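Here chain A shows up in two complexes: once beside chain B, once beside chain C.
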Partner chain A sequence: MVGTSHDRLSGTGGLPMKTATADQRVKPPEQRPRRAHPWAWFFLAPAFLVLLTFDYWPLLRTFFLATQGTDLFGAPSGFVGTDNFELMLTDPRFWNTILVTFIYTGASVVGKVLIGLAIAIPLSSRLKGTPLLRSIVLIPMAVSVAVAALVFKMMFQPGTGLFDQISGLFGAGPAGWLTQPQMALLAVVIVDVWCGLGISVLLLLAALDGVPEEVMEAAQIDGTGTLQRLWHVKLPLITPTLFFILITQSIAGMREFTVINLLTGGGPGTATNTLVIDIYKTAFGSGTSDYGAAAARGIVLLLIIVTLTFIQMRVLERRVHY
Partner chain B sequence: MSNTTKTPKTMGTSKTTERSSAQRINWRSTPTYVYLTVVALLVAGPVLFAFVGAFTPTGTIIGGGAPWFTAWTLENFSTAFRNSPLLAQFGNSVLVTLAQASLQLVTSLMAAYALVFGNLKRPNLVLAFFLVTMMIPSETTIIANYLTIRSIGLFDTLIAVFIPFATSAYAVFLFRQAFKSFPKEIHEAAVLDGVGPVAFLFRFLLPLNKPIVMTISLVSAIAAWNGYLWPLLITESPSSRTVQVGVAALSDSLSVDVGSVLAGLAFVSLPMLILVIFGQKFLTKGLTQGAVK
Partner chain C sequence: MFRRSRLSLIAGLSIAALGLTACGGGGAGPGADGGPVKISFWHSASGAAGDSLNQQIAAFNEAQSGKIQVEAIYQGTYESSMAKLANAVQSGATPALMQASDIFTGYMIDSKLTVPAQDLAAKEGSYDFEDLAPAVKNYYTVDGQVRSMPYQISQPVLVLNLDVLAKAGLTPEDVPTDLSGLLSTASKIKRDSGIAGMSFFVNTWWNEQFTASYGLNYCTPDNGVQGQDATAFKYTDPKQVETWTTLQDLVREGTMVNTGSDATASVGAFTSGAAAMSLVSSGAIGNIVKTGVNFAVKPFPVSAADGGVVPGGNSLWVIGKDRSSAEQKAAWELSRYLGSTEVQTKNFVDSGYLPTTLSAAKAVASPTPQQQALLDQLANSKPTTATAGCHSGALGEARQALQPVLESMLGGGDVRAIFAEQESKAKDIISRYQQRAGK
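Entry: the complex of A and B
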């Protein structure tokens, strides 16, 4: 349960970057057996209790729920083994959901990284006045996803919204932002990219600023052009950060609910029906309430997130590049 | 926390900047400026749109879309407040945010302190207990948590909104990293002098780690204020909704009154905009450390 509290900002669906190396420290040198201070467990207790109640226990319960059938009234109808998984995996709608989830996540991660770079690179070139610009770019971090989604929804309104009005100036008709399947998917990606832009630019700026001046000067003396330096020197030097953004934002994208729920509710049809939206609808949607099927989908989400986190730890052990 | 990462801000005003920008007065960087200004406008666009629209008489928000600077009004705000319990929900959100952020702070401070100074036999195992939870997506456990909250009778209460987030493994981890650099000998000496663990935590560790405490409080508060899925699920009556869920309902009910919806949205986003502007230093520092080598 804890994951949600920070993921949008710091992308901590995954582990922070230093975990992998931080713990391989030397063992404490002392010879006598260690005995915990009596107060230590008392200090750990509140946090333990919360995590046990709202993370570990519900995780177990989710696995249990996934083996339970559901009757017409939404009440559990007893043990059904792997039925929920079999039904899910043979349902073409489920595979469509997975496809939509990956397209949505992939597109928004690519958007965040590319647009993030397009903003961070010129910003990091140490011009006068950039502190102000740097602050402005952080604005998306301050605006809640719900508010952002609702503002964009207004701008996406067919005909009267800002986007259709602007395209109208060029003689184009309404684009069907939230009503055409592909446009709707594009719309939710745009909003998600905007929401994640602040943190993406922030991290990229810190990385770009961290590239030592001497390295760039050396490259310049060697007679490389600006673009060459960018491509062959700067970008390789910030690959750890690029990778960090890639993974954490992938995790965030896989888990995004607010943007899609508020803009399209998963529609039109199933065009924006991602895994998380599907879990929510299956468990709490109007009419249906199938906790078993929803729990099975929840476990799929868990597997995806755990996989992404392990990739992150693996690659970090190898120290992406330097 | 004592990371070598330089914040963008300090770099932006470093000596090299002043020198180079004084040398070539900018003709070459004009395109960059133009480009960056356009980018800034695009990024800030939705927020500008909301704030300008919030003060524009609804009729003159052309076609319900683009707001223009024709006249100013506060009418939109009063309409929004009249048509929805947004003010009361604002109060709910303040309560939830304060409760969640302070609980996270206290529980994770205590846990991190025990991890570093508690002389635990297997501290890494205990740390793993925290870190593993960061891999569990709350969307997976949401059904089970919903059932738990219902069965203990907390459904549709404000407590239900923040209690699952009463601690944060991420905060525990960050505090632990910060505390680890504190000399163990000082702790031993203080304990020998009869300083109790609670006193040590509050009199030594907290004052010495103010920046990270600020950062974590800020991040916790923002996350608490911005919560959407869980509050949407676990509350039902308008009077126990948080402001994020409330403003979504407002936007549905007043969808033709664009100005009032934008007023509601501007109102809801104001506290965090202010907090982020003033806490920018702590945010940039805290969020980039750990991510940038």
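Entry: the complex of A and C
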């Protein structure tokens, strides 16, 4: 059915507009009494059930396990109080793990934001060919992280891998991408940035596209240069998106498992042994399933993520312009 | 509308229920209709060894049609397979037969989940344990009893890329049979040809093998095989320290291609000609043959008269807990089949895993020079306490703690000091394990 001329003008494609008359006729849903939705809880139940089963129950179980000893089959063997935490906190390897986790997360977030901006800014222009380039840049999003990690692993192979072959053309020897501690950390960051770049670029492009043309034109009329417009106008206007990327990618970095596990397994040595890898190794790595110790580490990870997010919200949000 | 929601609810609950039950892997047991006994077999065999295993299971199922039906399930690495077993114990969904790597021998015994192989042989069907190769029997005998069926037995060996070796002006006969001589030769190859002398992947297994090659025990007392549980690990013998110091030097000077913990990459460096020699598991020989590289196999370098190699690999454990006697009997039948001369001979030819029995070794028709070298090493292995390897249920955890240390140690550091610190930590690991095992 064709909408009224008023509808067409407002661009709602025939849907009834929220006019004063309409508001009087239709009561907003949120103001309806609860008893008007007798089936609501029934419809919500499946989602709640899934949430309870797969999110809240494991969370509660983790808190329980962290206070328990573990028998040879991973089953709780009795209350041990804070023993699991004491063992963890007095182990210097644990603090190294925390350090590696922060370095890895920081580097990968900075990489995704800076490289993402470097790609998104030129792609947001209306030049010929940018639609095609946009598609090309977003291709990594379609590649499975596991597949990407395995392909990169081949390219990082000592001597025979693509990267060493290229550096060999310039007379350099094998770089030890996955065997030298610093290089290995760099390698996993590179792969993580590659895998996460697509979503960063996509979000940044959307934000840049949303910057009003008239604001940019006004700035241009005021005599600002390209870089000035970028720094003083465009970037401040996309801070909500930058803030969103920083928070979500920080959490993702803290929790990243696939890339590191497939590329280095936390090695060489402890160079890429992040907290998630450490949790996995403690729970499953030796085959004897020390779930108590792993659960204690899981709680530390949870606390770090919550604290980090809280700090980011408090500190960074002041610079966000909504 | 309501109908659609109800369908969504049913679908959601079904998915949730599937999610909760999908990991179940227990044996199905005898069919209610009196059909074949269905059992599940968890394993970690992949590549050439995995292909060989699948063929063997298919042959067994065909031969036992209507009586036993085996479902072989690949469960990933040995470690993840063991972690899944631990979970299965809690849910009562244990497999009937479990393939476990050598290092889990102590853990499997401590777990009290299993039925000793010799008990099953006496009750359910005989097996000639005297036919086991002495070195193999030595490893899998604990407190005078063979506990599990040795299946894919491996030993470390040295492989030589003959084309690369020739570029360095050497023949296989020029490569010494002791460890320090081998490492010196690696340096010479690098010096004379510019090609790395060796490729090497870092694994604690090598530390155990180097230790046995010097005739030393890896854990004390007596590698845990003389009736007393091991209470400590030994990493600081001067021979151990000297070996790893030399390996450090080789990495630093570029004589050794260090592929970290990646065994496949180490073999890849060898087969691609980036390194002249490599220390590998005999289980990798099948994969090396497939690449078509011109290579020879030499025994793992042994540096003492009473030294040797520890025959590792894996063995098959019949699970008693939660499994009926019919399932145990079926699992033992499969174990006997996989330990038979016929299968062991095929296993060796297909994958490079060594024949576990003397008769299987004899049955290998016209072995290639590489296969003959593997058979000779197994036959010449001396069954001593040192070559029985460390039997501690904490070996898996001790390995996990030592692995990153060895990897970083190759980059530099005071070997003796690092090992001393790890020795102390390993003692704590054993102590904690004993506590968890209720010992």
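Keep in mind that, in the parts below, the second predicted complex is superposed on the first by the 266 of 322 C-alpha atoms of A that agree within 3 Å, B and C clash if a C-alpha of one lies under 4 Å from a C-alpha of the other, contacts with A are read in each partner's own complex, and residues count from 1 in each chain.
Definition applied: contacts are C-beta pairs under 8 Å (C-beta built on N, C-alpha and C of every residue); 3 or more make two chains touch, one makes a residue touch a chain.
What you see is a predicted model; the values in this text were computed from it and never measured.
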item: Which superposed partner A:Phe284 touches (first chain B, second chain C, both, neither); value: both
item: Partner chain in contact with A:Phe43 - chain B first, chain C second, else both or neither; value: both
item: Which partner, chain B or chain C, touches more chain A residues; value: B
item: Partner chain(s) touched by A:Thr179 [first = chain B, second = chain C, both, neither]; value: second
item: Which superposed partner A:Met141 touches (first chain B, second chain C, both, neither); value: first
item: Which of chain B and chain C A:Asp209 touches, first, second, both or neither; value: first
item: Touching partner for A:Gly267 - first (chain B), second (chain C), both, neither; value: second
item: Set of chain A residues, in rising order, touched by both chain B and chain C; value: 39, 43, 46-47, 50, 53-54, 157, 159-160, 283-284
item: Residues on chain A engaged by chain B in the complex (per definition of touch); value: 1-6, 8-19, 22-23, 34-37, 39-41, 43-44, 46-48, 50-51, 53-59, 61-62, 65, 118-119, 122-131, 133-148, 150-155, 157, 159-162, 164-165, 194, 197, 199, 202-203, 205-207, 209-210, 213, 240-241, 244, 248, 251, 254-255, 257-258, 261-262, 276, 279-280, 283-284, 291, 294-295, 298-299, 301-302, 305-306, 309, 322
item: In the complex with chain C, residue positions of chain A that touch it; value: 39, 42-43, 45-47, 49-50, 53-54, 69-75, 77, 157-160, 173-174, 176, 178-181, 184, 264-271, 273, 281, 283-290
item: Touch list for chain B against partner chain A, complex; value: 5-9, 11-14, 16-17, 20-21, 26, 29, 32-33, 35-37, 39-40, 43-44, 46-47, 49-50, 62-66, 100, 104, 106-108, 110-111, 113-115, 117-121, 124, 126-127, 129-131, 133-148, 163-170, 172-174, 177, 197, 219-220, 222-230, 233, 244-245, 247-248, 251, 258, 261-262, 265, 268-269, 272-273, 275-277, 280, 283-284, 287-288, 290-293
item: Chain A contact footprint on chain C (complex, rising order); value: 2, 5, 8-9, 12-13, 16, 19-20, 78-83, 86-87, 89-90, 104, 107, 110-111, 202, 254, 257-262, 265, 268-269, 272, 274, 393, 396-397, 399-400, 403-405, 407-411, 433, 435-438
